[in-house]
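I've put the structures underneath this note.
Look for chain A in each of the two complexes below; its partner is chain B in the first and chain C in the second.
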Partner chain A sequence: MKKYIVKRLFLLVPTLLGITFITYLMIRLAPGDYTKLQLGMEGALKSGSISKEILEQEKKLYGLDKPIVVGYAEWLWKFARLDFGTSRKDGRPVAQRIADALPITLTLNIITMIIIYIISIPMGIISAVKKGSLYDRFSSLLLFVLYSLPHFWIALLLLLYLGSGEYLNLFPLGGIHSDWAGGAGPLVRFLDFCWHLVLPVITLTYAEFAFLARYTRANMLEVINQQYIMTARAKGLSEKKVVFVHAFRNSLIPLVTLMATLLPGLLGGTVIVESIFSIPGIGMLSFEAILSRDIPVIMAITTIAAVLTLLGILLADLMYSLVDPRIRLEAKL
Partner chain B sequence: MRRGYWSGVWREFRKNRLAVAGLGVVLALIAVAVLAPLLANNRPYCYVTEGKVYFPIFYDYQELRDKDLRKDEFRGFKIFPPVRYSYSEYDLNSIVTGPGRRHLLGTDEQGRDLLARMIHGSRVSIFIGFIAVSIYVAIGIFIGSIAGYYGGWIDIVISRFIEIVMCFPTFFLILTILALWGPSLLSVMVVIGITSWTGIARIVRGEFLKLRETDFVVASRAVGARDLWIILRHILPNALAPVLVSATFGIASTILIESSLSFLGFGVQPPTPSWGDILSQSRDFMDFAWWLTFIPGFAIFITITAYNLVGEGLQEAIDPKSPGR
Partner chain C sequence: MQPRPLLTIIFAAIAFLPAGCARLAPAKDPHTLYMHMGAEPGTLNPITATDAYSHSINLRIYETLVDREYDTLKIIPQLAERWEISPDHLTFRFYLKKGVRWSDGVEFTADDVVYSYERIKDPKVACAQLKVYYIDIRKCLKIDRYTVEFVYSRPYYLALVFCGGMPIVPKHIFDTGVDFNTHPNNRHPVGTGPFRFDSWSTGKNITLVANERYRGAKPEIRRVVYKFISEPSVALQMLKKGDLDVMGVREIEWVRQTNSRKFNEKFYKKKYFMSSFSYIGWNESRVFFQDRRVRLAMTHLINRKEILDKLLFGLGEIVTGPFYIFGDSYNRDLRPWPCDPARAKQLLKEAGWEDHDGDGILDRNGKKFSFTFTISSGSKFAERLTSILKEDFSKVGIEMDINRYEWAVFLDKIQSRDFDATSLGWSDPDFQDDPYQIWHSSQIEGGSNYIGFSNREADRIIETARQEFDPAKRVKMYRRFHAILHHEQPYTFLYTMPALAAVSRRFDNVKVHKRGMNFVEWKVRSTQ
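== the complex of A and B ==
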């Protein structure tokens, strides 16, 4: 086990270098001169004098006047010390802006993730156990439909019917705090926060939970057909015990790894959801950065997101080897 | 032998009524996309007047230019397409009108006919889906077959590379590249193509690893066949079925990505209509023009569902044991 972890960590190094190098290449290979690229941008820095100084700073940050390998090495060293440069938009350090936005997105994603697992696992299990029943067929169809619904559309419809005054005015149109909640107590502010998150969380949840429930069902069905399940039934265990102790625990294995692959998907999803609901998280920050060509912010977020995903995959692999002894014994990649 | 395999798959596929319905929808959508200029156009197919025969939809006649043949002042025999509006034709007298007899699905803020725009917008979704998926299937097959066939250090290097590309949040990577390179139809397709091939590559690699040890491959190698021949002739045809399934699901998700990009304003640029773009424009009128929000979203939803149904049907037809995805 120890050997496996060490090997995994060791293999992490080339992957990390690869990820950062590809990100760095994107800025090196962007068409046109870097300065020219900036001239086309919109936003506060259009006026001449400040922008020139900032551009020089950024050129230095990315080592654009140096050979590609040297520039990359220097940028990586700065990156490792969390020096991402300054944002074009407000001149604040990029690290600061990301630190402000990250907790909001993480909160949103963690809540979403918990709800996804709470709903989809029981749903998938019941479907698998009662395969072919009316419930199974109905829920399969429902999940299929949910899975295919574009979430920007659902977000708009939710806003239209539940958020705007036209139909029902149940939820706020966007943001994460009401103006009036500023001076209120912590409990009220927390409730206000939750109230703002209802629609975004619904939007983020439904597609992923549809995916996960179908996935759970497929895994359960695979496990249920195994011989050890037949053995468990044959020795007279109650159906409850067979399902929850013997089948479910084994079908859990792929669900663990899935968490890592769901994460980058959720991050991509938050770009749309956060910009529709104007939630000041990473998604909205990156969307605004892309609109205003705030390159230091874009570069930092892309790299951080890729590194986080990589760590997610690593964590999933390690958990995988913890829950599944077969992997541990083989310890092969 | 191969023909026997695929006709068997088709026989299984046909048993699944939902999948067949999905295939029908997909074929209908392709037909609509291909025939879009013939389905929604403000010029007639055929116009007969004063002994002359015109085909205004196919040729640009000097004497008929800038003339609205739909008006009654142009007498004669006219055959019009089902939708008598073009996608860019605006009419400021009927801005944001609801679905009705004149405009079946209503109009947008410039008085453009929504049905005409939806018909022409289907081209973007359908073609981007096909082309982007073709690009990444080709890349995926190429990289995956090299890794799987040769194995060893080549496989290790390629697998690492696949892992690296997989780590990037695809949607965000696409946005970044589009922001640096500038949005256009071509860049959307290419960017989706070069970022999404990892799934196919992994599938092909796995199939190749399995198949390269089979007797018929070993036999072929023993009689001195070249690597390229073995790969193309013996292994690849046997590895294609799961690729096809994945590609079908891939088209669905590409259409979703394209419409999301258009929705955010990074997709196809106006005046070319696309469903995501129409939906995004509708945001300003959402509270009173429900059709502008509802219809494009519904079209995207139906298209994605149809492709997913076909994909699932194929998957079950190829591997009858597989219990759904």
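== the complex of A and C ==
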């Protein structure tokens, strides 16, 4: 087992190198670069030769005059020392910008994930047990309706009806803290924070129930028709015990696979929700960075996401063996 | 099931949260102004900042040697008390006001001016957008503690505006050996203006407070909070709720969402024109648009009035040239070319474009009239404009494709002149008028004349006007230049759109000047 983990960890290195190099290559090859964007259309370039000289100077400042491989090597060397460089936009260290944005996104996503799991897994189980019943049909219809409602629309409706004061005035119109919360006590600040999170969390969760609930339902159905379930029933176990102990546990394996995508998903963030609710999270940060070709920020976020994805996959593989002892890890390599 | 009580508590808490939190909020300070900002600036260093957002904040913190009067645009003293210009218009000597203090108490002197100039010229400082304005300055000298001199290498009628308007940063703060581009004070500015920096909460807001050391009249507004709200429709909700006091509104909001009595009791609606225009640019290096007759035909094919009414609610004005429509340089003798498809067809025929092979598409020498219209995918106006044009053009046998690109890619295409036609806008926030950057033939390579307009008479006018110091004579030249553009139609000039703003009636004395609004002069209405 230990040997396996060490081996897998070593394998992460070339994968990570590949991912970061391809990312770097793509940003550098994409049309448009930071300096040109800064000059924009209003780049009052006076007389040809001199302005070109200025443009070259500017490119040099950002290292855009170097060949791609050299640029990547320099980035890698810095990264090896855990230095992500400084952001083009505001000249602050990239690590600090990410440290500002990450906790907000993490909090939002963890709350969202918990709610999704708490609600959709039981729904899926009940649907499977009562397959074909009115409940089953109605709940899946409802979930799919929710699934197909666009985020930005729901978010704006929520704001209009629950936040704007034109109908109800229950929630703030965005942000994560009230302006006055700075000087308040920790409890008040925490409550204020929760108050601001309600609408974004609703927006992030409502559409996600469908997938997980249907997934659980399908897995459960498969398990429920197994002979050992019949045996359990024949033993005279209560229905509750049959469903939750014998059936559900065995339907967990595919859910574990899902967990693997969970980790990077936590970082992902959603640009739309963050932008509508004015939440300064990772989604907005990376979106802005890509649009403005802010290479250090793009590289840092991609790298962190890549590491998390790779670790997530590893974690899922390890968890397989926990959930199902029949799966042997050594054999897989 | 066991979790029920817990769930009940959670639901109760959520239900209680709104009522509880809303009650915790203290009463609003009437002397605080909440401004809307569509995006967060990266830096508040006036030398390295590039976006309009940081500019609008820096305007309140930093000052320059001279300022322009809000209505007449006359150049007036700000940090300099007076100045002398040599007869050859090359040397500008500024006498600084004595006793002006930075908001940290240190005195402002000629050293700060020279230091700022040196930073702009420094190749290590990332300010290409600013550098280009100061290419013609040969040197900037400190004569004594309160006197500086700029020497130009050639005369230019805007020289005083440029050297007098140069951003000035405090030397004692920035000259500490730390890299200028990433200096910590870029996010903690120290200036001489009516407001001083208070705090910056990343992703949320920037707060300024009144500068106690400011020598001029103290503004009634004591605190300004710039809130970053990227979603305009959410910002409008915030405005209505009272979370914002000022915001620019979009055309559709102006016409449809801000007309209720309730809204107008709470807000002023201000509409005013600045110097800006939108246009369609025809790339003259393309075989279709080399010919003036074809470009004119394209203009005749576009129903500008109808597009204005349909897409922009009739709020703007159709323009015939690049100058400020209410300014002196704008030639009012010219009338916009009418929408006239019959005339357009005739012009196309004269230029040799006819449907020879009967496939419904015009052609000349075997080449079909089929071009691509390049737009930025973020522009809703361009998106809707082009779909109207596509249909109108197809009626006379012109085939048009639409290519959408993300802004950075779009810019790259335009700057490398890799497009047939495009739609964009120019703005001239300081009413400088000088057409050199956009229209001089030397600006085709590397400049902003990316459609490749080249006209000998226009070049000559642009060059002489730059060295003409008599405004009346310059106006005459520019009107002639305007007539040339109208005749040549390198652009199909579209509209100048008004700035639309809503301002809370908590304030009085909210005036609109030629340069726009200025909250420094606003009065706080006393609450009943």
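Everything that follows uses one rule, which is that the second predicted complex is superposed on the first by the 263 of 333 C-alpha atoms of A that agree within 3 Å, B and C clash if a C-alpha of one lies under 4 Å from a C-alpha of the other, contacts with A are read in each partner's own complex, and residues count from 1 in each chain.
By our rule, a contact is a pair of C-beta atoms (placed from the backbone, for glycine too) under 8 Å apart; a residue touches a chain by one contact, two chains touch by 3 or more.
Keep in mind it's a predicted model, so treat the numbers as computed, not measured.
The partner that reaches more residues of chain A, of the two candidates chain B and chain C, is C.
Once the two complexes are overlaid on the shared chain, A:86 sits against chain C while remaining clear of chain B. Of the two partner chains placed by the overlay, chain B and chain C both lie in contact with A:293. Judged by the touch definition given at the top, the superposed model places A:157 against chain B, while chain C stays out of reach. Contacts of A:275 after superposition: both chain B and chain C are touched.
Touch criterion not met for A:227: it reaches neither chain B nor chain C.
Look at A:191: by the touch rule set out above, it reaches chain C but stays clear of chain B. In the overlay built on the shared chain, the residue A:149 is in contact with chain B alone; chain C does not reach it. In the three-chain superposition model, chain A touches both chain B and chain C at residues 30-31, 37, 156, 159-160, 164-166, 275, 291, 293. Those residues of chain A that touch chain B in the complex are listed here as 11, 14-15, 18-19, 22, 26-27, 30-31, 37, 128, 131, 140, 144-145, 147-150, 152-153, 156-157, 159-160, 164-166, 214-215, 217-218, 221-222, 264-265, 267-269, 271-272, 275, 286-287, 290-291, 293, 295, 298, 301-302, 305-307, 309-310, 313.
Residues of chain A touching chain C in their complex: 30-33, 35-48, 50-52, 54-55, 57-58, 60-62, 86-92, 97, 100-101, 156, 159-160, 163-166, 169-171, 173-180, 184, 188, 191-192, 194-195, 198, 275-280, 284, 291-293. The touching residues of chain B, when paired with chain A in their complex, are 160-161, 163-173, 175-181, 252, 256, 259-260, 263-264, 266, 276, 279, 282-283, 286-288, 290, 293-294, 296-297, 300-301, 304-305, 308-309, 312, 322-325. Chain C makes touch with chain A in their complex at residues 14, 17-18, 20-22, 24-26, 42-43, 48, 50, 123-124, 126, 128-129, 131-133, 135-136, 181-183, 186-187, 202-205, 225, 227-231, 233-234, 237-238, 240-241, 243, 406-409, 411-415, 424, 426-427, 436-437, 442-443, 445-448.
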